[in-house]
Amino acid sequence: MKAAVEARPSKELLDELMLANKILAKQNVVDAFGHISVRHDKDPKNRFLMARHLPPQMVTAKDIVLFDLDSNPLTHSDKPQYSERFIHSEIYKVRPDVMSVVHCHARPLIPFGTAKGAKLRPMFHMCGFLGCGVPIYEIRETGGMTDMLIRTAALGKALAASLGDKNVVLMRGHGATMVGESIPEAVFRAVYATENASIQMQAHLLGENREVEFLTEEESAKSSRGRNVPRAWSLWKHEMTSKS
Amino acid sequence: MKAAVEARPSKELLDELMLANKILAKQNVVDAFGHISVRHDKDPKNRFLMARHLPPQMVTAKDIVLFDLDSNPLTHSDKPQYSERFIHSEIYKVRPDVMSVVHCHARPLIPFGTAKGAKLRPMFHMCGFLGCGVPIYEIRETGGMTDMLIRTAALGKALAASLGDKNVVLMRGHGATMVGESIPEAVFRAVYATENASIQMQAHLLGENREVEFLTEEESAKSSRGRNVPRAWSLWKHEMTSKS
Amino acid sequence: MKAAVEARPSKELLDELMLANKILAKQNVVDAFGHISVRHDKDPKNRFLMARHLPPQMVTAKDIVLFDLDSNPLTHSDKPQYSERFIHSEIYKVRPDVMSVVHCHARPLIPFGTAKGAKLRPMFHMCGFLGCGVPIYEIRETGGMTDMLIRTAALGKALAASLGDKNVVLMRGHGATMVGESIPEAVFRAVYATENASIQMQAHLLGENREVEFLTEEESAKSSRGRNVPRAWSLWKHEMTSKS
Amino acid sequence: MKAAVEARPSKELLDELMLANKILAKQNVVDAFGHISVRHDKDPKNRFLMARHLPPQMVTAKDIVLFDLDSNPLTHSDKPQYSERFIHSEIYKVRPDVMSVVHCHARPLIPFGTAKGAKLRPMFHMCGFLGCGVPIYEIRETGGMTDMLIRTAALGKALAASLGDKNVVLMRGHGATMVGESIPEAVFRAVYATENASIQMQAHLLGENREVEFLTEEESAKSSRGRNVPRAWSLWKHEMTSKS
């Protein structure tokens, strides 16, 4: 039975979530489609927050919905919700380290999920988070012929299994999902995975026999630490707040 | 003999048509060239609406012309009209399901109509509408050596035949034409066909032996339904109205 | 001996020339470099007009210089002039049909002047003006090892000979020069030659054995006529004047 | 022991350095990462100036730090500094001709530092400064498996040795560093090296057997002189100051 009174998320968390929606749009990671969620800061084990069914760029404070980990909306239940909220809830169920999830159709990532033999790998130190591997989720294995959307807990569970303990999972014929220990980290990974795809594409075309020298696992692991996320976030926040 | 009094189209339809002109320009589907039409909401079998000869971005309410299905302008007859209005009228004649038509020279689509053996196919679930096939229209078959424009009913008829019951037809050495059951759907297909072309191009370059895993026909058909069109339209409308 | 009193160019021509400078910058045909000239409307056989040594985007009414056909500045002689004004004067000497000349380093054109075996050819009906052929100028043939610039009448003469009776000449390791019967036509050719290069590049990568179906000479010739130039110009003018 | 009183850099130099930070961001040479430094105009042998740890776009006058040539901050020592300031100090130690250094992760340059056999070479006369050669720095040779950053004097020294007497050095899996005799020249080289990479990439794809006709060494040397830097700088300054 759920508690009679739900704790309210902090204003800081809600502001960060709204900002993240707008940053993802500004950075061309999302268009009208895609979404970002975060665990509730007062009840991280049982609740997460995400906008109702809206283009990310249009999300305002009053559009943030409270969900349980079965993707039931506990507020705004009279409004349409994202069909694919199960991406978020099923990842939160099996990844206690993950605080925030981004789902997107960023264009440069799509060829890496559909071209035969393609494999997204870290081109430079900003993308060390790709070095532990980037699995590709094939919805046909669980769902057969679908509309490609993660519309059920079962499909979400399969996607979470495909993600495993990694940071990014590509989705064949669809897009990608990335996770982080915070909203800024999830957004950072979405932006830089996209950047990596663009330049890796070019590197294969440029290299003899398509050969490219990627970061090693050790280089990747080492370059994934440090101050990159807060520095990028400070700029994105600055760009968003200084133009209005 | 045509009726003495023509019914006036609704203000909503005219507003939507003007907005569509500007959205197509903002989304780089059209530049100074290209056009969008819609069937008259009060007389859909016999009349359609489209701007007079103007770049889409410059179209205002007073520039919308009423046409019969032989592409005769019933208003603004003292002004120059698009030479290629026969694209629209000939499609309306044979496709009662089509309510709106877009013609454009979107850059990423052009290589798919001119490169030997190229075939536009659905890369992701946003583009399921491509899954039923994308024919290529060759104007030489009907017109021989021309200026490439659909200047006559005969050429328009041949283009409509090439389109058949599909959603998009590429035009060799020229551009593309797409149709929809509404203005937002026709615009959506123009925007996302263009996106699909860009990422399909990259996927062929990335894949071993250029192989790419496209959506199957069944996946395409299933992913063509749903809430995509209104969601994208809501963002595009928001972008247009919130900046002025 | 030159006439004691020079006729003044019309205000319309000066305005069009300033506007063209800004349009070329807005369309990414020029960056800080490149220039556009026009024959003097009162003395077209002996005089032409072009800005003094400035980035095109910064050109104002007071920066327009009067030149004779030996590229001597008859006004603003105390200011630095473009080193490459001989491109313009030498073309005017041998091409009485040409009223305006654009020189630029538009990025997509440069590979077509430097890659082995590349040949710029018309991809779509907007670029019929390329159908008569696009020569490549090799400065080494006249100048040997140079700084690549057309700094002398002799080099300008060689460039004009390479252009011949065509509309566009590519310059190896440098850029391109295009001509027209008016300022809008020269600008149109600069913008659309650049567009053509981008999509032709993609078409070769997409086509089996790099094969592409270009416009034939007849299609090119036919599609070069018509209302394209004024329609594009009307939009570019609108964009420039409606934002200030 | 350091002097009791440090001379203050000129206001002109500080303004130019702030402007350069913003230009590099506007030109997409840097995003949240990258930095530019300049030797102190009153003490060029012993001091240089660079922002504290901030995205370049956010740098203001009060954020400029004074460093000695061992990369010790002599002001703002309570604030975080760029980890990679050793790039700058170690180059200044061995290159008395260099007055300014840019470090960046400009996207088009990264494939040229990672793709097998790739070699950045001058495509057009704007990039003659590449003609003397563009070495690639491999951090593994000095540092083994690292986080890719130039965090120590030893790594900075190795990078400076790799740069040698050239103008640009690519850094495998990381980015690039370029130098100049002034802030505008270092910025110019950063912008145009990036432009060159984009078009060289395309030229290889377009040319038969990937062959491209580059500028020769003599052409490169000759085209590196002249008025290009101040002309580009005048436009970039104009763009920055005319929009605020």
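Odds and ends about this structure:
Think of it as A, B, C and D in the order they're written, each chain with its own count starting at 1.
As a working rule, a residue touches a chain if its C-beta (ideal position, glycine included) is under 8 Å from a C-beta of that chain, and two chains touch if they have at least 3 such contacts.
Computed from a prediction, not measured in an experiment: that's the story for all the values here.
Here the chain-to-chain distance from chain A to chain C, counted in touching steps, is 2. Where chain C touches chain D, under half of the residue numbers in use are shared by the two copies, so each contributes mostly different positions. In terms of their C-alpha centroids, the spacing between chain A and chain B amounts to 33 Å. Of all residues in chain A, those that touch two or more other chains are 204-205. In terms of inter-chain touching, the protein chains here make up one closed cycle, each touching precisely two others.
Pairs of chains that satisfy the touch definition comprise A-B, A-D, B-C, C-D. Those residues of chain B lying in contact with chain A across their complex are 122-126, 128, 195, 198-199, 202-209, 211-216, 218-219, 222-223, 225-228, 231-232, 234-236, 238-239. Touching chain D in their complex are the following residues of chain C: 31-33, 53-55, 57-58, 80, 83, 105, 107-108, 110-112, 114-118, 145-149, 172-175, 201, 204-205.
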